[in-house]
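What follows is a set of structures for review.
Across the two complexes that follow, chain A remains constant while its partner is chain B and subsequently chain C.
Let's turn to the complex of A and B:
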């Protein structure tokens, strides 16, 4: 096995789905875990609006139900990220990545403002289109090599076609477009903070992990 | 080079490509969503091309992810365009409200679904229940259905744990999983059939 992320430290077996921890994946896993805990304990940012023509300003109230929804989506996104970081199965990886995509749509769409909703809708369309190359890649890996286990695929005897790898990267790119759309709706400082940080973090993490997977295959 | 698998793959990707081409010309948001869903179906075709038992196991999560994103996006579309939810109560077709035909068709579908068992059977039986609920504009308490769905799901998961940790009890686990998924799909689909939007 060519060791991209270092030698695997230990294995967790669920039937033929083996979750393995290398120094690389452990680092990414811990990063996702730490940020999920941050999201769990943090409070939403309250936007300050200045009343025009006077000294007055007022803070926008965020209702409890909206807060709960955003927090739930961010935590779900964190959990999906953790899963995508450590899984040792190509199809599981694609599933976790598409779950990250859905959660990111939820995080962006939780802000009830028309232009943010527009951005969320456009991102949702991209994420939905991204699942096509993602699942197609996993299916092609299974069909050409007969296995989905990354530990099996890492052996030198098995060759994964270039098209399958390219499609996998394309799919992850589609799902990881969230920061672009969040930035488009000016969300980082404005509505949705601090939960929007999960969008950026999850995209970064899935890109880092897919690089490892591609080098491994 | 050009064996059956490659040809199938080429056809599936061609379908996705045609859908994507239509997408570049479309300007309406709702139609974009429908076209994207059409493109997404091509990925199910690619998974189905594996052609083994594994294909069936992989299509299910693929389908679920697609439906989840479709539901989320349609909800966002409603909020974005500011459409209100209008309560609709059933189909309101007099013949279907009175005649015994829906009962007969639903019973047939449910019985056939139970004989088939598993996911497909659950789908067919669920379709029967959906049809019955739609034609009778049934309104009532769905807590029992939700509970049944939850319990059958727990049964399904428990059966999988038996597969993993007590492989010698595989027959029990198989029956548990089949029954669990049958009940779950029936109840989930009938919940969908009953959701016509309630006045808020």
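Let's turn to the complex of A and C:
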């Protein structure tokens, strides 16, 4: 077995889906966990606009419902990230990645601003389209190797076709496209800022994890 | 120069969807060119169509409460798999005894066949799938109920 992320420290079995913690995945898991706790305790930022040429300024209020919804989405995104970081099954990984994608859509879509909503719509389409290569990759892995467990696939005797790996990367790219939209829609400075960081962080984490998965297969 | 052009194209988020779609199309063509791929005969969770069974195509065989053989990846992790694969509630049993064309109805209503692959050996997948649906419904409900700003 080729151990890209180090030797597995311990296993957590859910039937055929074996979650395993290597030094690499445990680091990513802890990162996601810490950020989820930050989201849990942080309060949203209020954007301040200064009126030009005077002393006046406007503070934008964030309604309680929007705050609650986006916090919920960020926490769900954090949990999905944690799952995607440590799961040891290709199909389970694709499911967690698509969960991350849809949570990102939710975080972006909750903002009450027209161009942000437009960006969220476009991103939703990309996330939808991204599931096709993602699940196609999982199906190809299952069909050509007869197994989905990463621990089995990591053995040198099993060869995964290159096309399946490429499709997996393409699918994760589609799901992790959120930072493009978030940055363009100026969401980091929009009201309720801290939750949007979860978009970028989750995309970064799933990219890091898919690199490990590709090297493992 | 070319990097400038690429970054300008990417900076407009209306362009990202067409670019991603093009990448998907190119990748599909490459995948099609790499066919045929060899099919691995020794698959997990095999299931054959039993002619004449009223539970077709969801029949995994075995009488209830007797362990049916399920070829899973790690049999040691799910020692109880296969015990209730063909357990039916009285209503489903009645349907299955009187017609052999209701397999999908039996599996789709509560109290029908419990596909143990879904609930036992691959239970975590089944938890994550409804979570995706739930999140999607939550987003749709929030957006639908949001008042116009």
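Structure notes:
Note that in this section the second predicted complex is superposed on the first by the 213 of 217 C-alpha atoms of A that agree within 3 Å, B and C clash if a C-alpha of one lies under 4 Å from a C-alpha of the other, contacts with A are read in each partner's own complex, and residues count from 1 in each chain.
Definition applied: contacts are C-beta pairs under 8 Å (C-beta built on N, C-alpha and C of every residue); 3 or more make two chains touch, one makes a residue touch a chain.
These figures come from a predicted structure and were not determined experimentally.
After superposition on chain A, the partners chain B and chain C are seen to clash.
When the two structures are aligned on the shared chain, A:128 is found in touch with chain B, with no touch to chain C.
Of the two partner chains, neither chain B nor chain C is touched by A:195.
Judged by the touch definition given at the top, the superposed model places A:140 against both chain B and chain C.
Contact with chain C, but none with chain B, is seen for A:152 once the two complexes are overlaid on the shared chain. Looking at the shared chain after the overlay, A:91 reaches both chain B and chain C. In the superposition on chain A, A:112 contacts both chain B and chain C.
Of the two partner chains placed around the shared chain by superposition, chain C is the only one that A:18 touches, whereas chain B remains out of contact. Looking at the superposition, the partner that touches the larger set of chain A residues, chain B or chain C, turns out to be C.
By the touch criterion stated above, A:35 is placed in contact with neither chain B nor chain C. Superposing the two complexes on chain A places one region of chain B into the space of chain C, and among 26-34, 98-106, 116-124 or 188-196 that region is 116-124. Applying the stated touch rule to the two superposed structures, the overlap between the chain B and chain C interfaces on chain A comprises residues 14-15, 91, 95, 98-99, 102, 105-106, 109, 112, 125, 129, 132-133, 136, 140, 142-143.
Across the complex, chain A meets chain B through its residues 14-15, 91, 95, 98-99, 101-102, 105-106, 109, 112, 114, 117-118, 120-121, 124-125, 127-129, 131-136, 138-140, 142-143.
Across the complex, chain C is touched by residues 13-18, 69, 72-73, 76, 80, 83, 87, 89, 91-92, 95-96, 98-99, 102-103, 105-106, 109-110, 112-113, 119, 122-123, 125-126, 129-130, 132-133, 136, 140, 142-149, 152, 161-163, 166-167, 170, 173-174, 177, 180-181, 184-185 of chain A.
Every residue of chain B that touches chain A in the complex is listed here, in rising order: 5, 9, 12-13, 16, 20, 23, 29, 32-33, 36-37, 39-40, 42-44, 46-47, 49-51, 54-55, 58, 61-62, 65-66, 68-70, 72-73, 76-77, 79-80, 163-164. Against chain A, in their complex, chain C makes its touches with residues 10-14, 16-17, 20-21, 23-24, 27, 30-31, 34, 37-44, 72-74, 77-78, 81, 120-125, 128-129, 131-132, 135-136, 138-139, 142-143, 146, 149.
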